[in-house]
Each structure stands twice: as structure tokens, then as C-alpha cells.
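Below is a structure I'd like to ask you about.
Chain nomenclature is as follows: A, B, C, D, E and F, assigned in order of appearance, with residue numbering initiated at 1 for each chain independently.
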Amino acid sequence: MKKLEAIIRKTKFDDVRDALLEADIEWFSFYEVRGMGKSLQSRIYRGVMYDTSIIERVLVSIVVRDINVEKTVQAIVKAARTGDVGDGRIWIIPVEDAIRIRTGDRGDISLYDAEKK
Amino acid sequence: MKKLEAIIRKTKFDDVRDALLEADIEWFSFYEVRGMGKSLQSRIYRGVMYDTSIIERVLVSIVVRDINVEKTVQAIVKAARTGDVGDGRIWIIPVEDAIRIRTGDRGDISLYDAEKK
Amino acid sequence: MKKLEAIIRKTKFDDVRDALLEADIEWFSFYEVRGMGKSLQSRIYRGVMYDTSIIERVLVSIVVRDINVEKTVQAIVKAARTGDVGDGRIWIIPVEDAIRIRTGDRGDISLYDAEKK
Amino acid sequence: MDMIRKYMPSKRWMAVILMTLMAGGSAVADVYEIDGKPITADDVAVSLDTVWMILGAMLVFFMQPGFALVEAGFTRTKNTANILMKNLVDFSFGSILFWLFGFGLMFGCDGAGFMGTPSFGSLDFFTAPGGLPKEGVLIFQTVFCATAATIVSGAMAERTKFSMYLIYSLIISLVIYPISGHWTWGGGWLMNGEDGSFMMNLFGHTFHDFAGSTIVHSVGGWIALAGAIVLGPRIGKYGKDGKSHAIPGHNLTLGALGVFILWFGWFGFNPGSQLAASGEVNREAISHVFMTTNLAACAGGAAALFVSWFRYGKPSLSLALNGVLAGLVGITDGCDCVSLGGSAIIGLLSGVVLVYAVSFIDEKLHIDDPVGATSVHLCCGVLGTLLTGFLSTSEGLCYGFGAGFLGAQCLGIVVFAAWSFGTGFIMFKVIDKVHGLRVPARIEEEGLDIYEHGETAYNS
Amino acid sequence: MDMIRKYMPSKRWMAVILMTLMAGGSAVADVYEIDGKPITADDVAVSLDTVWMILGAMLVFFMQPGFALVEAGFTRTKNTANILMKNLVDFSFGSILFWLFGFGLMFGCDGAGFMGTPSFGSLDFFTAPGGLPKEGVLIFQTVFCATAATIVSGAMAERTKFSMYLIYSLIISLVIYPISGHWTWGGGWLMNGEDGSFMMNLFGHTFHDFAGSTIVHSVGGWIALAGAIVLGPRIGKYGKDGKSHAIPGHNLTLGALGVFILWFGWFGFNPGSQLAASGEVNREAISHVFMTTNLAACAGGAAALFVSWFRYGKPSLSLALNGVLAGLVGITDGCDCVSLGGSAIIGLLSGVVLVYAVSFIDEKLHIDDPVGATSVHLCCGVLGTLLTGFLSTSEGLCYGFGAGFLGAQCLGIVVFAAWSFGTGFIMFKVIDKVHGLRVPARIEEEGLDIYEHGETAYNS
Amino acid sequence: MDMIRKYMPSKRWMAVILMTLMAGGSAVADVYEIDGKPITADDVAVSLDTVWMILGAMLVFFMQPGFALVEAGFTRTKNTANILMKNLVDFSFGSILFWLFGFGLMFGCDGAGFMGTPSFGSLDFFTAPGGLPKEGVLIFQTVFCATAATIVSGAMAERTKFSMYLIYSLIISLVIYPISGHWTWGGGWLMNGEDGSFMMNLFGHTFHDFAGSTIVHSVGGWIALAGAIVLGPRIGKYGKDGKSHAIPGHNLTLGALGVFILWFGWFGFNPGSQLAASGEVNREAISHVFMTTNLAACAGGAAALFVSWFRYGKPSLSLALNGVLAGLVGITDGCDCVSLGGSAIIGLLSGVVLVYAVSFIDEKLHIDDPVGATSVHLCCGVLGTLLTGFLSTSEGLCYGFGAGFLGAQCLGIVVFAAWSFGTGFIMFKVIDKVHGLRVPARIEEEGLDIYEHGETAYNS
């Protein structure tokens, strides 16, 4: 199992969601993060310049079985790319175990079940 | 060390917190995430249907020593389960090192200290 | 590659950001988390006591190449420390792969490029 | 002349007004002539009264967003659209129904002295006092009725089915409020001061409630109490050990804004209830009522602040805000007849009682009232009516007028309590039996907004 | 005496007022003397009218935050500062320009009957009707003008360049609104009821629009429509398949507060447009207009609630809120001349039409109007003017007065549609060609707040 | 008849009112009779003035939530409950204390010309001008006093101990404001226009401040400045290199709403200060003051917008909002006596000065004023008073009346500056020494809401 963390543009979220659903990933979590990056934009508050580079992003977090990693990465990359600076990143992080709270299932089966049910 | 990420119902947060405290886990972080899942509910905004399956969840993130993993998982599962679809998941992710900023302690000791102090 | 998750005081965020920029870390994400910890403070709402220990924190998430881990940890620890209880933690989590969505670059190069460009 | 007529070619300047050009300086020919005679001071006086009453009605209308914000601010994010909706519809439906039926029920002629006759939108039966326009009185009374109805939604927030809300809020505007209103402002037995009337025989005084501590607020409060009891507490409100858990409101800024708006609206509620501003007596009265209303609000807020500080170790914003409302509800009965000092006392006591009432109802009675509607409107409504029996400078016990008036006040309190709690309780029980008053647990947990309205109040 | 003079040493109490001490009780010497004579009832009556008009102007001013909140609440977080800014500047600039130019254009003398003459801030040309102060009429008209201008920003929200907004909102306040206003309230041909005038010859009636369903709201609505068409939809609003996507507003609580504030302000808009309160006719009229305005709002909200419930399976807050505004816009034309029942019908139909208009404009026409400005102000403005042709108790078709008045109403609707949509469309096209009306895609995606103003509305 | 008496059995319709049935049409018997004589036009005129004054007081009261929202919106989430609380308590406590002591201190008789005598809640000493009810004047003056007190909290936000806030805000309402108020509106030496008085001897003119640019706003602003200096900047506001860091407000939507509410309330503040509406002079005056107030606000907002655009490259919402307030503060002094053009100039200059003042105070003086209270209320209050010396059409330098009046204005400015900054500075220093004015660093970092009130404004 791997956990994919994709940091994407807010405006691309709908596209990514649709791409994931098409790739049979029906389960994921997401939340808003802010990023420091190279796509600078200055802000002024009451005459004082500040925060030159904070951008709002969505972090999509998906845990998938190893066999689905590539498929999922491709789906995200395709849907989230605009080609401009600021498209974001995907990290692949190992996951040792997964538990489905409702049933107590552990391991791949908890994901498998969820993905194919 | 492992990092446990538990995605639970918002309404179960208080119960989970109490269960964790009872299991001697006094330190954890949490934040709100939204999840795509199978517990569908349609929304209509000004006549347009949208977002068929976004649910608000709380993600509880706990780093524990290896010996405490099972205990913590059990505590969460017990407290967060309702038996209905949407109870959520727990992921177990390896952590290589931990640093306590205040003291600079590294490794298990930084957790141990915190948990038992 | 490692992912560093630093849970720090909100009020220290600006200092940490500056320290990171000084350490040539130009890319990171952050979001707000709440923590249960030892720095207790009771709240009363309409006469009912509650939530004895919830504190708002910022979680800074940085993915760096292995060679940069120590440097980054030191930068954060130095900037975020006040010496009082509640300074927070840093976790070091393994990352297996990284993808830059814009270019499709994978692995260290996607970070390297970003950090040194 | 031509110019002017063209300027307002609509109905605005009707035949009665003969317009004349203003010739520069101060020598103005009369602008107004009515049937060829100049307008009288009396006619202007009645118009001034009308403007005053209408201004009052506008301000009381503006209490609707005040209630909406307080109720939304003191409840959770996930039920915000629901609570806003409720405040919108009770006013919308209430206004229409009060016009069609309620007004007749409240002010119409009656034989038995129990209730008036609904008039199906016609105002012919009605003779407005003091030469005021009938429709002006109607709108003024409408907004008061809406206030009574809207109080209830706060106590029953976060767990009531929207469709059931619709039904019971209709019943309140249609039946409960107008009938008890008839007994008092409608000219019924509780305020009938004729020789030989029931109240005069018994007490030598009629029941006094200037702007509705009892007639509006405690009616709303009693029904709210009945509703909260029948519904039961929100999930998670009381632990297995019976310990009360805090469920903090999602936005105290909006709650505070709501309280300020209510405070502002109350200056229509109380001074506006004088229904007249012309002549020395009236202008002194509205000034006095304005002062007493404001002093009581201030004293209520201050008292709740200090009591909460003393009791809980910290000055609590949510209680201080409720304390302001407590003072306002408390003074609504006697704002015309207590002294400035008296109003400060009423406000003070209301603020103190509020803090204890909140914790008593919550922690002892285990009745879950998310926004404190019962503590504010019921307890302080009753308290204010009672204290007026003591502190009225013209009839009160403290001013040596004997206990007769106090007795009349007590009877009024009891009658209204029995009527509104009784009918409210029966109504909720029946609704609950027939269709279920409460949403299923899952909807309550995930939020009424999504399941009941398919919308969320907050998005990004 | 001395004491008093000292108390108000400024200009407040001028020579005309001879102050006298009040000797305790009721025997008061006259406070006011003018040129040695006691003040007349007529003089007081005109002052009361002035106070009424000024109160109306204040309330209409207060509609500005109402619009700001509705527009902010119904759009996204990232564009909030931008939309607030727009509502601030259109009022600021509009007020100054209307004083300098617009007022003269609207109410100034003209030869050709097309427009008045700008007066560069002087009011000498103007003779106020009914003895009202000129500056009072000016401020009253100013706030109406600002309302028309502010409507447009909602329909064009989230994608318009701020600098271009500035320019077109100036053109609206300076040219479009005052000129068509001149044809009606300015005494022009559409409302010229003299014998032998165009309208009297053709229909035997003039166009009627008491407070501006057409003159204010549909003008704003038509321009909004033109703008939304020229701009095109927001990124992501329509899928490749043409399917409409929901882009929910970020804060319906603020949206609801805005609607309540607008509702409150409308009690200045409509009843205030009577411009007089003295005398029986006027006080009856303002009471009546107050009632019709409120009933229509309530009926509009109720209708939209039920229609959305019926159509979409759930009662929608956002549509019910729009329904209230729909009812208010609808009744603005005929609030003085329809019965209470008539006003309820107008409100009801407005609420029904609103729900269908929203979905027709969005899903069929694919015109992206984030806050529903066209559905509310255009559709219901037109509808209200039309229905007045049927339901006016003094001229309407349903009351047996023939089709002449209805014809006059229809002509008015068409003339205003042609004028405001036409000029609006040309204006936007020209701006778009010359400088580009719309922000680049990236700014639209990341939010106008940061790129256009360097500020975000929400921080922590 | 019977019907009617029953309808209002309370004290509302007292003996003076003889009610008669309205017989259908226009032939109405007199509704009002006083001592058997018909009501006089003079009596109605005074009542109209009372209604006007009371309306003004209501609107000024409504500025309280305006201030609360501006201050909350421009500060951070973690201190929101605290700032709301402060705005609540300064009004609550201030109202009570002003009634008990302040009113007497301000308007009571005095020997030395320095201050009046506190009257412990009695109004017997007071003779209201123009026949107005005493209690009406009291409430009007109360809300003005509260405004001065509430200004201070913004400048000292996010770091002041709540208990210390309570103490100093009491001192302001009790001592600082009433005493300097006594010198002016209280009839004291600065506004004593008798022959041979100090000001007449020196300048031939008295100090002029119609509604309180100096007497209310700059007093508040000077105390705010003293407070901000004594407190020192918020943690993190200035870097080690002295660079100013932005600490953006948490909710500009609420800030904008607050500004609109203040703007609305200012229509009570300025036009209401005429204290009369009857007769041509008064109705012209209130219309004029309404126009000048609004024009200055608009010009202030527009100026700040453009200056910020020019200086920082982007039109800033937060500065434009402050600019509106700047214009309003600036015009408050001369709103009665400058022309419309003059008011636009005052507004414009206020808006320009505001932007520079904000950056000068922040970046040069390194005084940390989170909401810009000193820039708005102090700088523009002083500026407005000064400009009135130039632009008053009846006394101003620009109209050829010589420098005497300008001198009087300057003296007033200096006297008020010395008094309010001086007493304020001493007060804060003493409090700071005795008990500590500022919360500990940890509380400041984690937020005052939790530590000072045990509550947070926002929850989920």
C-alpha cells in the first residue's frame, strides 16, 4: 500500500476528482493547504507588503494498493497539469497497514473491498 | 515509531479523544478533511445538482512508539465505530525519526517522555 | 527523500518560514492543525467547561532530499523554539517517490530542480 | 407648477395637496390644503404618530435578522442554512397568515371574550385608535407576532424537521399568539379596565404589559420550552453520566452582531409601542421608554458579565450577550411605568437570573436549549412582568400602592404560562406522534443543511 | 435662557427659534416663532414630509451593504474583497457624479424631451415639489441611482477587471440611469400626463412606476444581462457537454443577512417614495405601501421555497432568499395602487417566476449570473410592471379599466428594455474591444482579491 | 369608542388624548385635545423635533456594532471574542455611568467653568433646549459619549488586559469626555459666545464643532494614541530591523459591513445633531447636513482608493474603507456650515491624509494601531476642524471672513489635544505601573479569547 499526496491547484480539483473516479478510485480525502512556492504574488495590507508567495492549494490524499499506484499517479498528472508554474507535486509514501474502522478489516483487503465493492 | 492517521466522523471526535486519553495517548494533532466516499448525498445550489459525495471528516494524526501501535488502533476503532458506512479508516505509516523542538530530543525518547511524563 | 512534518506554534510561522528560505528551502506546504497536548487551558461556554487542551498549531510539510534533512531540521528547531511547553514536534517520514506535475519529472530531480533552480 | 406636476405624475401627490412654488425665502404659501382648508395641527399630529408607529414597525422587522444571526451564531456550522431558513419562513408565512386570519382573531369582535373572529384579509371590522391608519396598525402588529414565533426556533435548533417546523410555526402565528394576544392588547378580559370587569373586581387593576414581556416574549419562551422538552437534547449534549457537554456556537461575531441588531430593533419594539409621539405627554413617554429600555439592556449585559466572571472565573461573551437580551426582555413590560433607576434594577436582576437560569436549565433540568431562548425570553419575560408589579411608579408595591397590581401581574403570568406552555406542549406531542418532530440521528450528525436543504451555508 | 443659549451655541438654533423655558407642567409658551408669528401646521407638515423622505433615503442607502453582502455571500472566498470594493466604489463615485451631473440630466429642463441639462453641482434650476428641501430630494434621488448601478456588479462578479468596472459603473450613474429616469420621474414623455401628450394620446394613461420596478431595477437588470453576455461565463461554470456546474456561494449567512437588510431598506425604497406623510391621504398611503411591500416579499419567499421544494426535492435557502428579493422587486412598481391581495399575488408570481428564470438563464441560455441579478431585478422588475397593468385598483385591466393602462405599461417595459440593454451592450462591447473587460484566466482562477487588490478578505 | 379604549388599556393613550371614531372619509374630528384645547402646531413641531433627535440617537447607537465589526474584522481570529466584548461593555458601562454622573458633569451648572456637577441620575438640574424632553437629550448625549469611548479599543486591540480595559474605558466615560464636553456643548468657555467671553475677546468667534470631529472623534483618537504608545506594538509587528510586518485583519467582509453600518449611523450623528426638524430652516439644515456628510464619505473613500492605487500599485479595500470613515470624521465638524463643494473637498483631503497617516504612524512612528483608529479619528478629526476654519461659508477664511475663526478652531484643536492626550497618557501610565496594562506574551500569542474569556469566537 502507498499513500499518495497530491498538492494541486484548487481550480483543478474537480477535474482531478473526475479523473480519479474514472480510474476507479472512489475513495479519497482532501483538505486545503497553503504553499510557499515560486509563483510569487505580492500583497499589501494597509500599505505594508507581505506574504510574497502564499498560494492556496488542495492536498488530495489517497491510499491505494501497490498495483494501483501508477494508474492513479497518471490520472492525477493528466488532470492537474496546466503547464504553468505552480501545478504542484505528488509524493508517494509507504503505508504499512490499513484498517477499516467499520469492519475491522486490515491490510490490502480493506482497500480492495472499498475500491471494487 | 509509527504515525497513525485516523479518518473519523466529526461526531465521533469527542469519543475518540476520550478513548485516546484513557489509553494514555495524551498528544495528538487533528484537522478537518473532506472525503469522497460511498455515503452519497446530493446537494442542489440554485437548481444545479453538485458534489454528490463530499463528507466532512476529522483526521487524527498520532505518532506513537511501535509498542503502542496496536493499543492505539484498538482504542480508535472501538470509539469510532458506528457500524454504518462512513466510519472511516486508519493508516499506519512508518516514521523514521521524531524531534521535540523544545528540547531537541530525538527518537523514541521524545515520544516516550511525552507519553509518560 | 524524506517528508518532514513540523508542528509549530502559529506565532512562530513567520520565523520558521524565514529560516527555511535562508536554508534554501523555497518550497513547502502548510496548514492549520489543532493539537491536544500538555499546555492546558480551560474554556467555558455558557457555563459548561470544555475542551481542556486544544491548541491551534501550524503543520509545515516539506519534502527534501536526504542530504538536506539535517539542515532543514536544524533550521526549524532553531526558529521554532521558545523553550516553553508547546513548542511542537518534527516527524521524519520516508518518501518513496516524488512527481512534479508540471513536467512529469520523478525522483530526486524533481526536488533538486525545485530547490536549486 | 407645470414642472412640479410633471415631476410626480403618479398618485403620490393627490388632489388634497395643492402644490405651490416656494418663492425663494421664508414667505411660503401653504403647501397643503385639504378640501380648501389649510391642514390642521391635529392632522399633522396623527401623521407624526403614524410615522412613529411605522418607524417602530420597521425596527421590529429588523429584529428578524437579529434573531437569525443570534440563532445561527450560537449553533453549529452544519445547521446554519437550516436555522436561517427557519427565520426566513416564519416571518414570511407568519406575515401572510396574520394578515389573513391572526389580526381578526386578535383584534376582532368577540362574544365570549375568548377570541376574535378571523377576517380573511379584510380590515373593515377594525377601528384604529387615535386616527392611525388601519394598515399601519396591521403591519405593526404583524411584526410583533413574527417575533413571538421566531423565538421558538432557537430552542429547537439543530434537530427539528424543517417540515414540522413549518407546521408548528404556522400554528403559533395563527392560533396561540393571536388568542392570548386577544385577551390583552386585543381588548380582552386581562386588560379590560372597565368598572365591574373581572380584573377590576378581583385586583382593582388590570394586567399591565406595555410592549410584551409576557404577551410576546414569555409566550415564545414557554412554547420554546415545551418544544425543547418534547424534542429532547441534541446527540452528544449530555454524557452517559448526565454531564452536560458544551457545544459552542460556530460564530460569536455574528451572534454579537445579532444582539446589537436586536438591541437596535428593541428601540422600535418598546418606544414604538407608545404608538404616538405628538404632544408633550407622548414625546416625554417615548424618550422615557427609550432610556429605560437602554438602561435595562446595559445593566443586563453588565450583570451577566460580572456574574459569569465571578462564577466561572472569566467574563463570558456569550453570557454577556444573552444578558443584554435578558435586560431587554425584562424591561419590555414596565418600560413605560418604572423610573430610570427601576429600569436599571430590572435589567440587573434579569442579567443575574439569566446566568443562573442558563446553567439551571442546562445542567439541572437537562433541557437542551442551544441559544438560551427559554432563559432569555421565558425567565426574564416572567421576571420583568413580576418586577413591574413592584416597581411601577404609578401602581407598584414598592411605591406604596398595595399588592393588587402585583396580583394582577401574577395572574397574567400564570394565565399566559398555562396557555402557551399547555397548547405548545400538546401541539408538539401531537406533531411528534403523527409524523415525528425530530430528524433521524444520521441527519443530525451530518448536519441538517445537507439533508434537509441540500445546501451548505459555507463553501470556499 | 442663558443656560440654553450656551448649550447650543452653534448654528443649530437659529434666529427663527425663540426658545423659552418650559415651566414644569403643561403650560408651555411657544417654542417656535418664525418672523414673530407662531409656526403653522403647514410648515410642520412639510418638515414631517422632509423627515419621512430623509428617513427613506437613509434606508435606501442602507441597501448598499445589503447588496454587498448578498453579492459577497453568493460568490467565492477568493473574490470577496473585490466584490466588496465594487459595492463601495459604485456608491462613492455614483454619489459624487449624480450630484455634479446626473441630477441635472434627470431633473433639469430640456427642450427635446430626451434629457435634462447637467448642472455641475448647482441646484438652482430645481424646484422641489411639495416644499421639500432641494438637497433632501437630491440625496433621495442619489441613493436610488446608486441602487441601479450596484445591481450590475453581482451579475458580472468574479471575472471583471476592477478598472473596467469603475468605468462602466460611472457611465451607468452618469448617463444611462439619469436619461431614462428623465423620461419618467424627471417629468419626461413616458410620464407626461398632460392633455395631448404622447402617452395620453396613445393610451389615455401614462406609464406608472411608483418606486422603480422598471426605472431602477429592470434598468440595472438589463445592463447586468448585457454585461454577463459580453463577459461570458466563469471558468468551470459550464462543462464541455454544456452541463451547468454549481459554484456555491461562500457564505449564505452573510447572503441571508444581506437579504434581510435589503428588505429593511426597501421600506425606505417604497413607502419612502411617497415623499410625504402629512395628512390622511399620505399616512394611509405610506401604511398601505408598507403592507403591500412586506406582503409581496413574504409571498415571494414562500413561493420560491415551495417551488424549489417541488422542483428539486428540497426547500432551497438560496432560492428562497432570492424569492424574497423577487417579490420586493415585483411590488416596487405597483405598491401604491394594488390591493393587499394584489400585492400577495404579485409577490407569489414573482417568486415562482424567479425559480424558473434562474434555471432558464443558467441552464438553457448558459448565461452565468453568479448572484441571480438578472432573474431578480430584470425578470421580476418587468413582471411587476406588467402585473400592475392588470392589478392596479384604479386603472388595471382586472378591475375593468380596459387595456389602455396595460398598454402604457408594456410600452414602458419595452422602451426601458431597448434603452438599457442597448446602451449597456454597446458600452460593454466597446470597453471589451478597447481594453478587455475580463481578467486573465490565471487571475480568475487564483482569485481577483490577490491580483487586483493585493488583499484577501479572510485571514486567520 | 369602547372598542378603542379597550384596545389600548395601558397607559399609552393618556387623558390628554380624546379618541374619536374616524367616520370613513375626510371629515375627522380632532383626535388630540390637550386641556380641552386642540393641539397646537408648536406642540407638534416640538414632537417632530423629538422624533428626529430620537431617530438620531438610535442611529448613533447602531454605530456600536459598526465599530465592533470594524475592529473585529481588522484584527485576528484569536482575539475576536475579546474585541466584541470590549465594544459591548464600553457601551453598557458607559451608558449607566453617563446617566449617573457624566451627564451632570457635562451639562450641569458650574462655578469655575471647568466642569459641571454630577447629579447621580437626577435630571432636575437640566433644562432641555427647544422644549425637547430631558430624557431624550440624555439618551442622545449618552450615545455620543459611548462613541468616544469605543474608538480607543481599536487602537489597543489584541494585547490589552480586559480588566484594565474596563477601568480605563470607565474613566473615559466618567471623566475625560464629559469634562472637555462641558467646555463646548456643555456651554463652557470654548463655545461661550456671550459678549466679553474669553473666546469672543480673543478671536471674535467661538470654537465650532457641529457634531464632534474634535469633541468626540479626536478625543477618542488622542486617547487611542496615548494608549497605543504606552502599550507598545503587538508581538511580531516590527522586525528586528524595525521593518513593519503586515498583520492582516481576519475578515474584511465584516470590516466592510461595519463601515457601511457606521456610515448609516453617521446619518444620525450629523443630521441628528441639528436636534430639530421643524420649520424651513431646520428641514433645510438636516437635508444639507445629510448631503455634506454623504459627499464627504464618498470623497474620502474615492480619494483613499486612488491614493492607495497610486502608492501601492493596487486599489486597497482596507484603505478605501478607512477612507470612508476618514471623510465622515472630517466632515463632522463643519457639516452644517460648509457648502456641498466644501464637503467634497474636506472628504477628499481626509481620504488622502488617511493613507499617508496610516503609513506614517505605522512605518515611521512605529506606533501599532491595528485598526487605524488614530489615523481615522485623530488625524481626520483634527483636519476636519481645521478645514472648517477655512471653508465655513459663514465664518471661514476662504470666504473672506478673516483668520479669527480659524484661530478659534486652532485653539480648540490644541486644547482638546492637550487635555485628552495628556489625561489619557497619565491614565495609561498609572494603570500600567499599578497593575500592568498588557497581557503576558503567551496569552498574546495564543489569543486573548481563550485566556481572557475562555471562549473562542469561531468553532465548527
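In this section, a contact is a pair of C-beta atoms (placed from the backbone, for glycine too) under 8 Å apart; a residue touches a chain by one contact, two chains touch by 3 or more.
Keep in mind it's a predicted model, so treat the numbers as computed, not measured.
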Intersection of the contact lists for chain A and chain B: C, E
Target chain D, source chain A, minimum contact steps: 2
Interface sides of chain E and chain F: same vs different residues, half threshold: different
Over-half contact-pair match to A-F, picked out of the listed pairs C-D, B-D or A-E: C-D
Between B-D and A-F, the pair joined by more C-beta contacts: A-F
Centre-of-Cα separation between chain F and chain D, whole angstrom: 30
Mean-CA-position distance for chain C and chain A (Å): 18
Separation of mean Cα positions, chain E and chain B [Å, integer]: 52
Chain centre separation in whole Å, for chain F relative to chain C (CA means): 46
Multi-partner residues of chain D (each touching 2 or more other chains): 16, 26, 28, 34, 40-41, 43-44, 46, 48, 51, 55, 245, 248-249, 251, 280, 312-314, 316, 318, 454-456, 460
Residues of chain B touching at least two other chains: 10, 31-32, 43-45, 84, 93-94
Full enumeration of touching chain pairs: A-B, A-C, A-E, A-F, B-C, B-D, B-E, C-D, C-F, D-E, D-F, E-F
Contacting residues of chain B [partner chain E, same complex]: 43-51
Partner chain F, residues of chain D touching it in the complex: 16, 26, 28, 34-35, 40-46, 48, 51-52, 55, 59, 76-77, 107, 109, 127-131, 185-187, 191-194, 206, 208-210, 248-253, 256-257, 259-261, 263-264, 267, 271, 273-288, 290-291, 294-295, 297-299, 301-302, 305, 312-318, 320-321, 324, 336-337, 340-341, 344, 394
Chain E-touching residues of chain D, taken from the complex the two chains share: 3-14, 16-17, 19-22, 26, 28, 30-32, 34, 38-41, 43-44, 46-48, 50-51, 54-55, 57-58, 61-62, 64-65, 68-69, 72, 80-81, 84-85, 87-89, 91-93, 95-96, 99, 121, 132-136, 138-139, 142, 162, 251, 254, 280, 452-460
Interfacial residue positions of chain B with respect to chain A in the complex: 2, 6-8, 31-38, 57, 59, 73, 76-77, 80-94
Chain A to chain B touching residues, read off their complex: 3, 17, 20, 26-31, 61, 63, 93-102, 104, 110, 114, 117
